[in-house]
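I have a structure here, written as C-alpha cells, and I will follow up with some questions on it.
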Amino acid sequence: MTKEDAKKRAIFLKNLRAQHEETVERTQTLLKEQKAIRRQICQPMRDGPKTIPELAQITGLPGNEILWHITAMKKYDLIVEAGMCAEYYLYQRPEGVK
Amino acid sequence: MMANRMDPNLLIDLKRYGEKGAVNIEACFNCGNCTAVCPLTSDDHPFPRNTIRLMQLGLKDQILQSSDPWLCYYCGECTETCPRGAEPAEAQMALRRWLTAQYDWTGLARKFYTSEVWEIGSIILVGVLIALAFIFFHGPIVTDQVELNTFAPVDVIHIGDWIMALLLLFFLLTNALRMHNFIMRRGTKTKIPLAAYASELWSLPYHFATQKRWATCEERPSWISHLLLVSGYVLMLVIIVFFLPWFQTDNVYPLYHPQRWLGYYATIVLLYGAGRAIWGRLEKARQMHRFSHASDWMFPILLFTVTLTGILVHIFRYAGLPMATYVTYVVHLALLVPMLVLEVPFGKWSHLAYRPLAIYFEAVKVKAREMEQAELAPATV
Amino acid sequence: MTQENLHVDTLVVGGGIAGMQSALDLADQGFRVALVEKEASIGGKMIALSKVFPTLDCCSCITTPKMSAVAHHENIDLLTYCEIGAIHENGGGFVADVTKKPRYVNEADCTGCRQCEYACPIDLPNAFDMDLGAMRAIRVPFSTAVPQKAVLDIENCILCGKCEQTCPVNCIDFTQQPEQFQIEADAIVLATGFGLTPTDAKKEYGAGQLLNVVDALTVERLLAPTGPYGHVLRPSDGKEPDSIAYVQCAGSRDTTLGVEYCSRVCCMYAIKQAMLLSGALPLADITIYYMDIRTFGKGYEQFYQNARAMGIEFVKGKVARITEDDDKNPVVRVELIDEGSQIVERAHDMIVLSVGMVPGYNPQAIYGVPIDASDGFIEIPSPNIAPTVTNHEGIFATGTAVSPMDIVDSIVMAGAAAAETAAYLQSRNGHSYKLPISGSMEMEVAHV
Amino acid sequence: METKPKILILATLSGGYAGADSVGQLHANYPSNAYILPVVCPSMFSESFYLRAFERGIDGILLMYSGTDCPFKGGAERTAQIVNKTFPLMKEKGIDPRRLRLVAICTVCTKPFLKEVNQMNDLLRGIGPVKMEMAHAVIGD
Amino acid sequence: MSEKEEPRVGVYTCHCGGNISDVVRCERVMTALKKLDNVVVSRTDMSMCSDAGQAMVEADIAEYGLNRIVIGACSPSLHEQTFRGTVARAGLNPYLYHHVGIREQNSWVHKDDREGATQKAIRLMAAGIAKARLLDPLEPIRLSAKRHALIIGGGIAGLRAAWDIARRGIQVTLIEKSPFLGGHMAQLESVFPTGEAARGTLHDLIDKVTGHPNVTIHTRAELVGMSGYVGDYQATIRQQSRGIKEGFTGIDKLIENCPLEVPDEFNYGLTKRKAIYTAYPGCYPPTPAVDWENCNKCGDCLKSLNGERGLISLENEPHDFDLTVGAVVVATGFRLYEPAQGEYGYGEFPEVITLAQLIRLLALNGEKELVWNGRTVHNLAFIHCVGSRQIDGINEPQPDGQVNNYCSRVCCTATLHAANELRERFPAINLYDFYEDIRTYGRGHEEYYTEASKNMVRFLRFHDDELPRVTPDPYANGTGALLVTAKDYLTWGQEIDAPVDLVVLATGVMPNPIDDIIKLLKVSPGTDRFLLEVHPKLRPVETAVPGVVLAGTAQGPMNIQESCAAASAAAAKVAVLLGQGRVELEPFVAHVDPDRCDGTGECVTVCAYEDAIILAGVNGATKAVVTPANCAGCGSCVSACPNQAIDLQGWSLSQYEAMLDAIASDSLPVVA
C-alpha cells in the first residue's frame, strides 16, 4: 500500500466512524469492558488451571459471565481445557499466549 | 381394592352450586398443576386436583368423606395458572356449598343454594314476620324523646335473642355432627380414641379465631380484612346475645366507655369487611371474586345493611329522632334475624364453623394415627 | 456486484428445510426458483440441531447435502441475507420487492477463509449457539454455512479495519449499501418457519431469569459436536450436570400463555435429547415431566419405549413451579400423578423447558395471505385434501409456517407444496416450463 | 529425512470426508502425515487392497465410513465384514492388526476425527514402520 | 483401456489468497509436480476459482492440448462442480477433471508444520495426477422414461397422487382392487379437523381425477407381474369382470331380485347387502358389481331383465393386460386391527364394537337416541390403543407372532371426534374414555380434546401393563349392560367402574396384506410391516427401488391430510423422474470388463440392489451384466470379484491403487 493509499484509507475510515458514531462508541466501551474482565479472568490462571467456581470466587464475577468469556476465548484458542476437577473443567492459557 | 362406581350425574348436580359457567372442571385434563401450585396442599391433603377428580367421576362417598374443600381459602393461584382455564378454585367453592347442603339434614341449605327464589324468599319471609311481630306487639311509642327500650323492651328482645341463638346453635350443631359422621366415621378406618379429640380440641377455637391457615396463602391483605370482619362479627354476636341490656340502652355513655368503643370498633370493621367483600365482587379484580353466586352476595349485603341500620339507629337516637329510630330499629332486626337464623346454619356463614371443624378433624386423625403407631411401635421393636 | 432483477417461475420464501426441499423438488422438475432467505446462510433451524429423531442421524449430515444441492442447482437462484418488503400482484403473477442487506463483504470474492474473523477483536453472543458461545463482529455464520461467506455486523463494529487489512482477497467493503431489486414470479411458496414459544412469559418458570433453566434449542447446541462448550455444561457455572429434567408443554397446551395447541415435536425432541444426554453423561439422571407422551410418528413409539428401557424417568405431572436453591440448582414443584398424587420438590442441576412452536413470521403485512386468528399460522382453507393451498391463488405454504410439525412431516409437506405449485404453474399460460410432448400412450377415456 | 509413519485415511464422501472438512473449518491441528482420500463406500475395497497398501509402505489405515448412516444398502455391514476378514490375513503377514481401523465419522464429528488420527499416529510411532514389521515377520518365519 | 490416448495433464496449485500458500509452499509444489510423468503444465494462482484462474485453465487446455486437469484447492465440496464446468467449457469431458483438497485437509490443519504440509500437498497432488492419468471420459446415464405412472390403490392417497401427476402432463393408470373407489375415506361421515363431509370432499377429488384426460382407472384390478427398471417397467395387471356392463339402468330391480344377503363390509358388518351391490349411494363407479365370492349364480337377478341379458354376465372372466410405465406409486392403504376374540370382550359381548363400526352406526342411526341391539345407549365407553402401542408379553400377538408396538396416530382424534358428535346428537348420553396418552397432536386436533372435555367426556388413564377389563355389570339385572373397570392413574391408582351400555374400541391401523405386491415390486417392509422408505428425512417417500414411491398409509399410519401430503410429495418425485421423458443418472456405477469376467456370480451375491447385476449369456458365455439404472454405485461388487473384472466408473480400484502408490512412494520429487 502506498503512503497516499494509506492516507486515503485513514480518511475513509474516519468518515465512516463519524457516520456510525453511536454504535462504534458503544462497541468500543463493550470491548474495553471485555478486555478488563478477561484480564481479571486470566490473571489467576498464571498459578495453574482453574475451574469456573474458583475463578468466580477469586474475581467476584458471576459464573455464567466467566463461562461465556472462557468459551469465547476457547473458540479462538486463547484458552484451553486442562482436564477436570470433580464436575468442573479446568481452564488455562495455552503455551505461548500470555 | 373395592372398585368405585362412577356416577356421571353428580357433576351435573354439582354444577348447580356454582354461578353459571363458573364450575368448569370438566375442562380439567388432570395435569396436576393446581395441586402443585397450591400453597396449602400437603402430602395428606393434595388438593384441589383430588377433589376435582372425585367430582369428575362422581365418587360421592369419597367427596363426602373429604375435608379438603374446607382447607382451601380461595387464593386463586390454581385458577390463575391452570393451563386449561378449568377454574379449580371456583370448583372448591362450589363443592363447599354442596357439602354445606349435604351436611344440612333439613334440606334448606340445598334449596337456598340451588334456588335464588328460595333464598331471597325465605329471607324476606322471616324479615316480614319480624316486622309484623313489631307492628302487632311493640311497646308504647314515645314520640317526644327517644325511648327505644320502651318501644322494644330489652329483656323481651333479649329473650328473643336467646331463642334465636339456641335455634341457630341447634341447626349448626346437628349439621356439624353430620359433617363429623362423614369425615370421621365413614372417612377413616382408624379407630379414633376420645383422647385424640380432647388433645386437639384447642385447635378449634384457635383456628376459628385466627383463620391462620389462610395467612399461608400469598394474599395476606385478604386474610387480614377477613380476620377483622370475623372479630367484629363475633364481638357483636357476643354483645347482643349475652350483654344486650348493656348494649341496647337509652343511656348515653361517654366516649371512653367500653360500650361505646367496642360498638364502634365492631361496626367499623363489619362495614369495612362487608363493604370490601361487596366491592371486590363488583370489581372482580381478584381470582376469588371473579364469580359470585347468589349466596356470596347475600351474606355481605345482609351484613352490610344490618350494620348500616344499626349505625343509623345509633345516630337517630343521638339526634333525638324517635320515629326514625324505631322504624330503623325494626328494619335492623328484620334484616338481622333472617341473617342469623338462615345464613348461619344453612348459608354462607356456616363455613365459619366448618373450616375450623375440618382442620380440627384432620388434626384429630393425625393424632389418632400417631397414638396408634405409638402403641404398635414397642411391639415391633 | 449488484443484484439484478429476476424472473422466475416460483419464489420460495425461507431457506429452512421446508423451503429448501420445495425449491429442490420444483427445480428438479425444471422450474426456475428463487429462494430468498433473510439470514446470511440457509439451513434454518434444522442446521443448528445435533441429531434427529427417530433415527438419531447426525442432523448436519442430512441438512448439508440439501443446502449444497440448493446452492449448486442450476435452476435455483439462492438469495441469502435478503428481505422481502412487499409483494404485488402483476397480471396473475407476483412481483416481490426485495432488499439485499449489506454483508460488507464482496460475496463473489470471499473464499470463506475466516481470516477476518480471527483478526476481529469483538466478541459478541453467538445467536447460532443460543448466545452461550461467542462470535466475532465479522464471521462466517457457522461451520457448515451455505454460502460459505463472511458477513459483518456493522451495528457491533468499531470499524478498526483489521478485517480489511487481513483479508487475502480484499473483499471487505465498508461502502456497501442495501440493494433493492425485484423478483417476478408466477407462484410463491411460503416456508417462513417457526419461532419458539416465549419462556419468559411464564412467571412460574422463573420468567426466563433462572440461569440453569434453558430451552431445548439451547440443549441442541450443547449436544452438537460443534457446540459452544464442546461438552454438556450448565450455563451458570460450567458444571457438568448430574441430573437434568425436562418440563414438557412448557409453552404449549396452556391457555395462560395463549398457546392452546400441541406443538407436536416436543415429546420426541425431549426423548431424543434425553437419550443423547445419557450417552454424553452416562451417570446423569434424566427425568421427563409430562402430561401426555405424544410419540405418534413412524418409529416414534418404539423410540419412547427404548428411552424408558434405558432408564430415563418419565413422570406424569405438569411442573407447576420452578424455583432456585442457593446453589442455583433449579427446583421443580410437581404432583406425581402416577405415584399416588404426592407433591414433591426436586432439585436438578439443569432444567430444560420443552418450548413449543409459534409462527415464525406473519406474512399478512406484505402478502395478504390470511392467517388463522386462533393460532397465528397461515390459514389453509381445505387442510385435508389440499394441505398446502392458501386462500390466495398462486400462493402456497408449507412446513412449520402452516402448523407445528417435525422434520419428516415438513419435508413431505414441502414435496406436496412443490407438486401443487408445479401443477399450478403448468395450468397457467406463458410459463417458462415447456410441456414435453405427450408419450406414446394413447389418451384413453376413463373407463372401468 | 525424518521417517514419519504414513497414515492413509479413506473417508466416505457422506461422512468422514465431510467431517475432515469440518475439522479444517475449525483450524484444528493434526499430524501432516495423515493423507485423506475420498471414497464413495469402502465396501469396494477387498482384503488384498489393504494388504497391498501395507506392502507399499502405508503404516496405518483409518477407514472413516458412515456407519449406520451409510447411504448404501448393506455397505456398512459389508465393509465391516471385509475388515474383519483382513485382520487374520494381516497377522499372517506379521502386520499388527491395530494398523487398520474402521471408525464411523459423521460430517461434524470433529473431535472423534482428531482423536482417531492422533491415536493412530501415536500407535504407529510406537510400533514402528510396517515394512520393518513385515521384514521381521519374514525373518521370524 | 489400452487404446486410451496419452494423458496430457495440467496441474494447478491454488494459493487461496494465502489460505493455502501461508502454510504450503505452493511454488515448491508446482515445481515438484512438473517433474511427474505426463504433466505438461504446472502452475499456481492466487485464486483458481476466480474468473482469471478459470480462464487460465481454459487457455492452457486449448494451447497445450491438455486432456486431464488436476487442481489442488479448497475442499471438493466447494468447487469441484465449478471446475468441472470450466473443463467442459473448454471442450473436455467434465469427468476428466480431478479435484484435490489441500485447504481443509491440509493447510488449515497443519499451520505449525509448513514443511510437512508442503510435502503432504505434493503427495496428495501427485496422487491426484496418478488418478487423473487413469480417468476415462464418462457420460451421465440417460434412460428414456415412459411418461406414464402406475398407481396401485384408489383410496384418498392414490387419487390425490393421480390428480397431481396427471396435472403435470404425465399419463396415469390407477388400479383399485375393489370394485369402487374411495377406500376408507368413503366410510367416514365427517372428518377432523374441519368437520367437512368426507364423501363430499372425496367426490370432488374423484370427479377431478376421473374427468382428467391423462387418467385411466381400472377397478377390480391387481398387479400380477412386474419387470424392467426405472423409466421402463412392464406391469401386468389382472382385472376381474364386473359382471354388469356400464350404463345399465335397471340397477335397483337387479339388486332387489338377488336372494343372497351377506354382511356389508362398507358398514363393517352392521348391515347386510346383496351379492350384486354398490358400495354406497353415489359411489364411483355407479355401476354395481357382482360379488364373485358370494354369488351362487342362481340367476334370480336376470329375471328382472327384459331382453337385456347381454348387459350382465355371471361368469367372472379375469383378463390380463400389460402396461409400460416409468414409475409406480404404491398407495395400497391400511386395514383396521381386528381385536382378538375376547379382547376387551370383543366377540364375547355384542355390546363391544369398534370405532369404525360406531362411525357407521352413527351414520345409520336415527336422530333421537342411540340404539344398539334394540336398546338405547345411555352410557358409552371408549377404549384407546386397541391394537396399537402393544407390548410383547402383555398383548396377544398377531397371527404372524408380532405385536403392533407403534402408535396408530389417528385413533385419538378420531375417537374424540366421535365422542363430540355423540354428545351433540344425544345430549343425555354419558361418555367415558379410557386412554394411555391423549395424542391430539395436529393443527386443530387439541381442540377436539378440549371440546370433548367440555362435553363432559370422563377420561380415565390406564397404564400399558394393566389394561382395562370389560365384564357384565352385576347390577344390570340381565339387561346386557357391561362394566368397564380400570386402575385409573388419575385417581391415584384406584379401581374405577364405569357402567356402560356400549363399549367402543379405538382399533389401530395395520398395513393391507400386500405380500404379493411387495414381492413383485421388490420393495421391503419395515419391522412394523408398513413399507419402508429409503430415509425418513432424505428421501421420505421413495423406496430403495428406483421409480417406486410410496403414498399414504401403505407407509405408516396417517390421517387424511398427511396421506394427501405424502401422496403429493410422491407425485412430485414421479414428476421429477418422468417429467422430462428421460432419467439422467450419475455415471458412477459398476462396469464389467467382459474379457475378465468368468461368470462366477460373486458380484450378484453381494449386491444388495435388486437386478443391478445379473448373470446373462453374452456371446455364448455367462457374464455379469450391470443394469446402470438399478446400480447405486456403492462398489460392493468390486471387492467381491475374484478376477477384478468389475469396477466402479469414476472411482475405480486401479485409480485408488495408483493414488495409494503415489502416497506411499519414497521417490517423489520432493525438492527443497
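Observations on the model:
Going by the order they are written in, the chains are A, B, C, D and E; count residues from 1 in each one.
As a convention for this text, a contact is a pair of C-beta atoms (placed from the backbone, for glycine too) under 8 Å apart; a residue touches a chain by one contact, two chains touch by 3 or more.
This structure is a prediction, so every number in the text was calculated from the model and none was measured.
Note on connectivity: the fewest chain-to-chain touch steps from chain B to chain E number 1. Touching chain A and chain E at once are the following chains: C.
Pairwise, the chains sharing the most contacting C-beta pairs are C-E. Of all chains present, the one whose mean CA position sits nearest the global mean of protein CA atoms is C. Averaged C-alpha coordinates give centres for chain A and chain C that are 31 Å from one another. The distance from the centre of chain C to the centre of chain E, with each centre set as the mean of the Cα atoms, comes to 25 Å.
Averaging C-alpha coordinates per chain places the centre of chain B 57 Å away from that of chain C. Computed centre separation for the pair chain C/chain D is 37 angstrom, with centres defined by C-alpha atoms.
Shared interface positions of chain B, defined as residues touching 2 or more other chains, are 29-30, 50, 84.
Shared contact sites, meaning residues of chain C that touch two or more other chains, fall at 57, 65, 230, 253, 316, 337, 341.
Taken pair by pair, the chains that touch are A-C, B-C, B-E, C-D, C-E, D-E. Across the complex, chain E meets chain C through its residues 16-19, 46-47, 49-50, 74, 77-78, 81, 146-148, 156, 160, 164, 167-169, 171, 191, 193-194, 196, 201, 204-205, 210-219, 242, 246, 285, 287, 389, 391, 405-407, 409, 437-447, 450, 463, 489-490, 492-493, 526, 528, 530, 535-538, 540-541, 555-557, 560-562, 564-573, 575-576, 579-581.
Residues of chain B that touch chain C in their complex: 29-37, 41-43, 46, 49-50, 80-85. Chain C contributes residues 204, 249, 253-256, 291, 316-321, 333-337, 341-343 to its touches with chain B in the complex.
The touching residues of chain D, when paired with chain C in their complex, are 14-15, 18, 22, 25-27, 66, 69, 106-111. Interface residues of chain E facing chain D in the complex, by the touch rule stated above, are 75-77, 101, 103-106, 108-113, 116-117, 119-120, 123-124, 127, 535, 538, 544, 588, 606, 608-609, 632-636, 638-640, 648, 651, 653, 656-657, 659-661, 663-666.
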